[in-house]
Structures are given as structure tokens and as C-alpha cells.
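Some structures are shown below for you to check.
One chain, chain A, appears in both complexes that follow, with chain B as partner in the first and chain C in the second.
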Partner chain A sequence: MLHSSIALIGLIVAVFFLARLTGDPTNLYLPIDANLETRQEFAKLHGFDQPSHVQFVKFVKGIAEGDLGFSIRKQRPAFDIVLEAYPTTLKLAFTTMTLVITFAVTVGALAAYKPRGVFDRVASISSLSTASAPDFWVAITGILIFSVALRWLPTSGMGDGIEYWIMPVTVLMLRPFGLQVQVVRASMLGALSSAYVKTARAKGVRERRVIYVHALRNALLTIVTVAGDQTVGMINGAVIVETVFGWPGIGKLMVDSVIQRDYAIVQAAITITASAIFLLFIIIDLLYVALDPRIRHR
Partner chain B sequence: MADKPLLEVRDLKVEFRTGREIVKAVNGANFTAYPGKTLAILGESGSGKSVSAQTIMRLLQIPPGAITGGTAMFHGVDILKMPMDEWRQMSGKKMAMVFQDALASLNPVFTVGWQIAETFRIHGECSRSEAFDRAGALLERVGIPAARDRVKDFPHQFSGGMRQRVMIAMAVALKPDLLIADEPTTALDVTVQAQIMDLIKDISKESGMSVILITHDLGVVVDVADTVAVMYAGRVVEGGNVIDVLQQPAHPYTLALLRSAPQAREKGERLQPIVGSPPDLANLPTGCSFHPRCAFATDICRRQAPPIKSVAEGRISECHHAETVHHEPVHA
Partner chain C sequence: MTTVTTTPTSGEAEAVIIRRAQPWWQLLWRDKFACVAAVWLTVLAFCLIIGPELLGDTATQLNLRARNAVPGLENGPMWILGGDPLGRSLLARLIVGARNTISVALTAVFIAMTVGGTLGMVAGYVGKWVSHVIMRLADVVQSFPSLLLAVIVLYMLEPRVGNLIIVLATTRTPIYLRVTRAEVLEIRERVFVDASRALGSGRFHILRNHIAPIVAPTLLTIMTVDFASVMLSESGLSFLGIGIQPPAITWGLMVAQGRNYLAQAWWLAFFPGLMIMFATLSANILSSWLRLATDPVQRWRLETHKKEEDDK
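For the complex of A and B:
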């Protein structure tokens, strides 16, 4: 908890100064022939004329008051803009992760049940290929095939229909799914060859129950660790998927703001994302405690 | 021993296929368990005693394991050929098993009460709450202090001996006719070992349960068993009443075991280790498997597998020189 708090503070400091290394926003927002006075006025308006440590103190004070600055480009509080983009990312992340865990646990457990069987081999090869497929390539190929050639799915954007979700979610799933299948398979193999599974079988427990109650409950610890990491990666914004499919999520917002040197949004987005990740880590730790009695009693 | 056998294992053969080699773990083992009696299967690591037990419990991993022959008649049915669904009705109910490492054998994420109650529930004995009640009563029976409060504890909250008591409680929950105990005390302190063996003995006496005790410990055999089967290289090389076998062994391996055991020696006498090393199960010697380590070995031992000989009433030995060995004093 203390560790994560320090990390969170460090991150906020780093973001503030790193954003300022990307260049002077005045050059981007004013016409190329703007005179010095206009430039100074612009800088003064947004506080860029002050030394960076003064700007930083102001930024930190702002965070304490819940004010994360003002977007130059959109002329609105950065906080509001980020909060508008966030639900899109969260929805995408949680839909994807729910599907990843459901499918990966089913496939991984079945593969582990008969190692080296036909199903195991197919599952291993396909999970390995999805785990190593570059998502930008899959996304673009997907658009070419399903949107351009077959005209089954929209090329991009976010609408009400499920058809807008299919490609982004599928592309976003590929890598975590592939990895998670391998993780589930390995931890289920370990659990199924354990002595307590033998005990359960000796008791006369049916095979289905052995797999999904006795073994899976133990394998869950590893699965949660990996799923937690993957979720963190996604609430960070699925930059490539959101950009390719034109989804107005946090990832796309951040990339756009960096390009536009809209510091306030970059800072706000990262501060909020970091806080969300911080929360998620606490949830994961609580899950551990719930799942593993050995941690509870230490 | 005029009683009808409860479990009769005949000519059991189990192999493991690993890579190019075929490891013959059990090579035609015969042993019999009688109602209410305790049979000890004695043997060193790799003699096939654990594999035999797991095969009978249908716990053998197939592959790499494979049952290549033999029968195991239990209540008049060959349980090795029984469909798995049918066997599951019996496993845990008519025949149960206790394993060596109780910590690894108990599921770390479920309470001991839950794990014992599961035995009742899967065999359709009673409701969930009743199953928990009975689990508490069982823990009390196996001597766990404050048992009723401890049903909600997890395995890691118990000591080694207490965990093995939990395992025993779980195994005897449905009053099985036969309990297979696979080195139940090997992982425990000597003082705790005796308590656990006493517990098994008590429960067996109380309910008329037969026990097959798998062990490498001569002392344990003397303490609890009625009959003993000595295993070497996947075969039972000698069998019979415990006292008879240990006082007048009729197989050179049993004799060598006794001469190498500390508890059998008078003060000041030297222990005699068994020369050589255990046989390579993927590459068994011709003739008698024990001949390379045997003091009695002659030409015939190298050429021909020994027949099963009866040296006395209820005594068998698989040795060409069984009669000679039988008259050999244990304390040479």
C-alpha cells in the first residue's frame, strides 16, 4: 500500500516533467508567423512563462483540490474530458477480460486434462499464435476482410450495436487470451498432478468436480495474478486498438493530447489512470486474501 | 486363515512407458487381505509397493502407467476391470486410502471440515449441515483437541501429526471395509508415528476394518500387522504371518533386511548392509531379480526365475533355496 502510494507520487512527478520535454506548445498552437508579444501572451495565459518548479507546485496544488488543469485545445477542464473518455475504456477492458478469463479457463483446463492430446496440441499452437500476433496488423487485416471486403462489420467508431464491439474486443483479446491459456494450462497441470487431487479421486469425487473444484480453485491464484496484470494493461487504454478502430477511449485521448501537446489532458489522464491502477492493485491483493487462506493467517 | 479373503490381488503387472524405456514397476505381485486383519506390504523404494496400492485404488496415471496384467478381486468383483463410474461409488466408501504427505494430500484452499464433509456428500449420505456435524464428530474421534471448533480451519493451521489424523478421519468417514495406508507415518516424528499407528489400529479393531499398510519400516510391521508381504523388484518374494516371517525368514532378501535393521541387533553387533543397489526396473536381471545381491545365489538363480514355494503353513517364498534360507538363523 505504502509502496504503491510512493510509486503513484513518483509517476505524477515524472509525467509532469516528461510532458514538458516534448516541446513548447506555443509553437503548435500559434501561427508560425505569430510575433513575440502574442507568444508571450499565450504563454502567460497558460502559465508556461513561469519556471517549471513553480508550474509543478501549482499542478500539485491543483491535484489536491481536484483540479487537473485546463485543456488548451478543447477549452474545458481536463478532468471532465478524461472522465468522459474513461467509461469507454473501462467497458472495453472489462468486456474483454471477462471473455478472456472465461474462454482461457475453459480451453486451458481442457488442454491440461489430457496433456499431449489432440485438443491440447490445437490449444497450445493456437494460443501461442494469438499470443504472438501483432495487434495492429490483426486489426488492420480484420478491417480489410470484415469491413472492406465482406462488409459485415463497421470499419471503426463506437455505436450502440454489438457489431461495433466485435472487432475491437476480438483484437484486444488475442494476446491476453493466448497468454492466459498457457498460464491456465500450466497451473492446471500442476494442480492435477498434485497429491490433493489424488486424495479427492480416492474419495470417489467425479472427474468434472476434481477439475473444476479441487484443481481450478488452486490454479486460480496464478490465473488472478496474470489476469490482474492484463487488466492493468487495458485500463491504461488500449492505445493501438482504440486508435485503429477510432474508439474515443483514454488511450486514444492520450495519444492525441501528446501529439497536440495538450499537457493538462496528458497529466490528467495519467494521474487518473494511475489512481485506477492503484485501486485495481488493492482489489487484486484483496482477491488473493480471499482466495488463499495461507495468506490470511500469516 | 480360513477366512474368505476381502481383497485378493493376483499376478498384478504394471509398467511405465517413459521415452524408449519400459519400467516394470510391478511384475506379477500376489497378496491377500483378510477381513479385519492388517496386511503389511514391506519393501524398499522402487519395490512397487506404492504403485500396487495406487493401481488397486485406480489412481494410476494412464499413460504413462499401464496395467498389463492381473486381477484384484474385492467383494467378488475384479475392481481393475470395473467401469470408472462404478468404481467411484466404491472408492472412498468401501475402500479408502491415506497418503504419505498429509500436507500435500489435503487441499490447501478448503477447510478440513469441508474436505471431510465432501466425502459424505458425494456418496449421497446426508445434507450439507449434517455432513459438517459428522465431520466434527470424526475429528473428535481421531483425537483432535477442540475438534468442533477446528472444522473451519485450513490444513496449514494443523501440525503434521494432526493433519495425518485429519486424513485418517476423511478416509474412515464412511467406515470402509479396507483402508490402504501408504507410508502414513514416514513424514512424521517418531513419537507422533506411534500415535498415528495406534489410531489406525484402534479404528480397525473398533469397526472390523481391514488395513493394507505400505511401509519400509520393520518396526511398524512388527507393531501392527498380522501378515506381511515382502516386495522386491515388483514381486512379493515372501509372505506369511508376521511373527513367523520375521523370526524365520525364508527369502534371502527378508533375511538381509532383518540383518541390516538396527532394532534387530544386539548391542555391539555390527549391522550388515545389503550389498549392491536396487535393481534397474527397466532392465531387470535374468532369473531371480535378487541374485546379484544374494549371498545364496547359485547358477540356477541366474538362469531361472524361482517358483513360488510353500515353506510352511501359510508361508510362501520365491527362492530356489527357500528351505536352506528358512533354517538360517537371523542373527548370524
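For the complex of A and C:
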């Protein structure tokens, strides 16, 4: 926990100073064609003419008060804009991760049950393929097939109907699913060949119980670690998926702000995302404690 | 070691030694998937080396009759995969694009491995304090989504190829660092390291001659997986318009450009993406083969593959 808070602080500091070191901050905030007067006025208004340590104190104070800068393009506080974008991404990420874990645990456990069997081979080839597929290309090909050619699903946009969710969630699932299947398979293989599983079988425990209670419970630690990393990685996928499908989430907001050069939003988005990741790591640590009695008793 | 041969398992041990003498290409030949993957990567390597020299002109040559040409042989063999909106041959552009796409990923992975490996050895072998600082830095990089990090840095710097490589390398470095450090921590306690130290070897000598050779195969295996994911990241960034910029040709960029013509000319976005997919898939397959082949404990799985199946 101490480690991740150091990481969090480090990242925020790095973002602040990197932005100041790479040149005139007005370049970052204002459009490229802004004239000199506008720049000077802007610099004065936002304190860019002050030495950077003064600016940094102001920046940290701002974070404490929930003030993360002001978007010039949108004429609104950046914090509000970022907070509005978050629920979309969170919904998308949550749905995807739930499906990924459910499917991956089922497929991975079945594959590990009969290693080198037909199911195992199909599972490992398909998981390798989904882990290798470029998500933006799958998204575009999906639009081509299901929206343009077959007209089954909408090309883009976010709606209430399930048809809007099918493609984005599927695309976002691909890579985490492929990876997770391999992880589940490997850790289940390890667990199934362990002494406690042999003991359970010798005792006459039912096979289904052996797999889903004895082995899976012990394989869960690795699965949780990987799932945690993948939840963080969801943001990576969200950047692509939200851009392609036009979802108003944090990923699209980031890319749009980068392209429109709206630095206040980029900075706010980073700060909030980093804090969210920090929270997530704490949750994962707590999950470890819940899953592994050895950590609990330490 | 020779004293052990008197045990009843000596016959088995001998068999293992004989089997290990099998050269790597025979092992590769046995695994058909890995074989296809290796062949495909070799083809790509050729495209990378001679592609732009051979087809650079064809890739930029306009051919107004072949504008958005449908895949087929009507416009000559170079237009077998169709033409783009300016009538340029898609096949030639795919071959030429291999150099940018692959070399960016390769360079980034290579830098990440060198930097990560070196830092990892330092963190694992030198004092605790240095190790702490290095690991915390790795935490900072690793705890943040890599694509997002790349987006931000490329926003602050310019989206040039050099910057792109640095960003991609930075996001991948922690993995090599962690693996190397973990291995070094384990290896440094072994007897042969103690022996070397007792003979008066310095830290640098031990790291270079005793520890690095053991860590290297692991790092190479990670490199092949990593190559795939870096290539995906680079393509993603180029697709978003913040990676490699036109008129340079890369597969990710080609998908982005083809996206505008999705309804009229599907092949423009489809084939470049397929190239990315095949390249990453090959790297992934080859890496899982490598993992087995370089691991003495697992290697028998490749060697006795056939026999085991017959037994079942």
C-alpha cells in the first residue's frame, strides 16, 4: 500500500514536471495558432509566469481541493468533464472483466483437466489467437461484417439496448480472455498435480468438487493477480474501443483531448485514473488476504 | 555429478542426455505450429530487409486505373490484394510497411531488454538501497496503463519514430527488470557464485560471466512475447494517429487509413490488420515453443510428443 501510494505520487509529480520541462506550457494548453498576446495573457491568468515550484504548490493545493484545472476548449472545470466520462468506461470495464473471468476460468479449468486433449488444443490455439489480435482491427472488421454487411448491429454509439454493447465488449474481452485462459490453465495444471488434490481424490471427494473447490481455490491467487493487471489494462483497450465505437468514456476523452491539445483534461484524467488504479491495488491486496489464509495470519 | 550415476536411475539419466543432443531444428520440425510460425517470421524478416529497396517505388507509384481496385489479378500481380484510393498496390505497401512496423517493435524490445536486464542485475546484486529506488521506479511505470502513458508522453513530445521507440521501451522495461532481479537474487546464492567470489572475482566479472549467461535465455523468451505486444501497441498508437505519421507506411497506419473506406473497399483495412495478427500470432506461438525448448524440465514434452500421444 505504501508502495503504490509512492507510485501514485511519483506519477502525478512526473506528469506535472514533464509538462513544464518540455517547453512553454501555453503550447500545451492553447491551440497552435494562438498569438503572442493571448499567450502572455493566458500565462499570467493561470500563473505560468511564476517559477515552477510556486506552480507546483498551487497544483498540489488544487488537487487537494478537487480543482484540476480548467478546460479552455470546453470552458468548464476539467475535473467535472473527466468525472462525467468515467461511468461509461467503468460500466464497460466491469461488464468485460466479469465476462472475461467467468469464461476464462471455465475454459481454462476444462483445458487443464485433460491436458493435450482436443478441448485443450482448441482452447490454446484460440486463446493464443485472441491474445494476438489487434483490437482496433477486430473492431473495424466487426463493424464491416455485422454492421455494414449484415446490418445486425449498430456501427457505433452508446445506447441502452444490448446490441450497442455486443461489439465493444467482445473486442475489449479478446486480449484479456486469451491471456487469462493461459494463466488459468497453467495454474490449474499446477494445482491439479499437487499433493492436496491427490489427497482429496484419495478421500473420495467428488471430481467436480476437487476441481472447483480444492484446485480452483488455490489457483485463484494467480488468477486474481492477472485479473488486477488486466483491469488496469482495460484502460488501454478502452482507448481503442471507445474511439472506434464512439463511446463517450475516459479513453475517447483522453485521445480527443490529446488531439485537440486540451492539456487540463489530460492532466485531470491522468490524476484521477492514477488514483483509481491506486484504489484498485488496495482492493487486490485485500482480496489476497481473503483468499490466502497465510497472509491473513501473518 | 558423475557420482550420481551409480544410482538405479542411471539408465534414465543417460537417455535424457542422449535426447538432449537433439538439435533445435528437429525439435522445431516436430511442432508444426511453431514451424509455420518460424517460416512466416523468416518471410517477414526478408520483407524487412529488402522490402523497401525492392518495392519502394511500386508502393508509392500511383495507378489511376487501379483506384480502390478489388483484390484480384485484373491489374497485374502486384494488385492481387487490391489497390488503395490512389491506386497504389496494397501488396507492395504491406511488404514495405513491414520494415517500419517490425523495426520499431524490435528496437523498442531490444532497448527494454538491455536496460531492464542491466538495471535488474544491478538491483539484484548491488545494495538494498539502490535496489529499492529502481523497483519503485518500475512500480510507477508499471502501475499505469501503457497505452495511456504512451499517449501522454507522445502528446508532450512530438510523435516521432525515436520518441515512439523510447516510450514503448520504457513501458516494457519493468518486466525485464523484475524477471532479471528475481533470477539474480536466486542465482547469487548458488555455490558457483560463492566459489568465484572466493577466487577473488569482482562484482562485474561475476555478473557478466556467471549470472548473465543464465538469465539471458529467459529474457530472450520474454522478448518474443513482448515483441508481439509491443507491435500491437505501436499499431494501436499509429492507428490512433499519435504513432508513426504518414507518408511513412506501417500496418497500423494502413488500417487507420483504410477505415475511411470501409464500406467501399474493405480490403484496405482488412489485410494490414491480418498482417499484424499473423506476425503477433507467430511470435506468440514461437515463444511458447521456445519456453518449452529452453526449459530442461519441460523439454521432454517436445521430444516425446509423438510417443506420449500413441500411449494414450
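Here is the rule we go by: the second predicted complex is superposed on the first by the 259 of 298 C-alpha atoms of A that agree within 3 Å, B and C clash if a C-alpha of one lies under 4 Å from a C-alpha of the other, contacts with A are read in each partner's own complex, and residues count from 1 in each chain.
Just so it is clear, a residue touches a chain if its C-beta (ideal position, glycine included) is under 8 Å from a C-beta of that chain, and two chains touch if they have at least 3 such contacts.
As the structure is a computational prediction, the values presented were derived from the model and not from experiment.
Taking the superposition as given, does A:11 touch the first partner, chain B, the second, chain C, both, or neither?
After superposing on A, A:11 lies in contact with chain C but is clear of chain B.
Between chain B (first) and chain C (second), which, if any, makes contact with A:52: first, second, both or neither?
Once the two structures are laid over each other on A, A:52 reaches no partner at all.
In the overlaid three-chain picture, which partner chain does A:38 touch, first (chain B) or second (chain C), both, or neither?
In the superposed model, A:38 contacts neither chain B nor chain C.
Is A:270 touching anything from chain B or chain C once the two structures are fitted on A? First, second, both or neither.
Once the two structures are laid over each other on A, A:270 reaches chain C alone.
Looking at A:98, would you say it contacts chain B, chain C, both, or neither? Reply first, second, both or neither.
It touches nothing on chain B or chain C.
If you count the residues of chain A that each partner touches, which comes out higher, chain B or chain C?
C
Pick one for A:236: touches chain B only (first), chain C only (second), both, or neither.
Second partner only, chain C.
Touching A:143, do we find chain B (first), chain C (second), both, or neither?
After superposing on A, A:143 lies in contact with chain C but is clear of chain B.
Is there a shared patch on chain A that both chain B and chain C touch, and which residues make it up?
In the superposed arrangement, which is not itself an observed complex, chain A uses no residue for both chain B and chain C.
Quick one: in the complex, what on chain A touches chain C?
3-4, 6-8, 10-11, 14-15, 18-19, 22, 28, 116, 125, 128-129, 131-138, 140-141, 143-144, 148, 232-236, 239-240, 243, 254-255, 258-259, 261, 266, 270, 273-274, 277-278, 281
Which of the residues in chain B end up touching chain A in this complex?
Against chain A, chain B makes touches at 54, 57-59, 61, 88-93, 96-97, 99, 101, 104-111, 118-119, 122-123, 154, 156-157, 167, 170-171.
Spell out the part of chain C that touches chain A in their complex, as residue ranges.
That would be residues 33, 136-137, 139-140, 143-148, 151-157, 228, 232, 235-236, 239-242, 252, 255-256, 258-259, 262-263, 266, 269-270, 272-274, 276-277, 280-281, 283-285, 288, 308-309, 312 of chain C.
With touch defined as at the start, can you tell me which chain A residues reach chain B in the complex?
Against chain B, chain A makes touches at 193-196, 198-206, 209, 214, 217-218, 291-294, 297.
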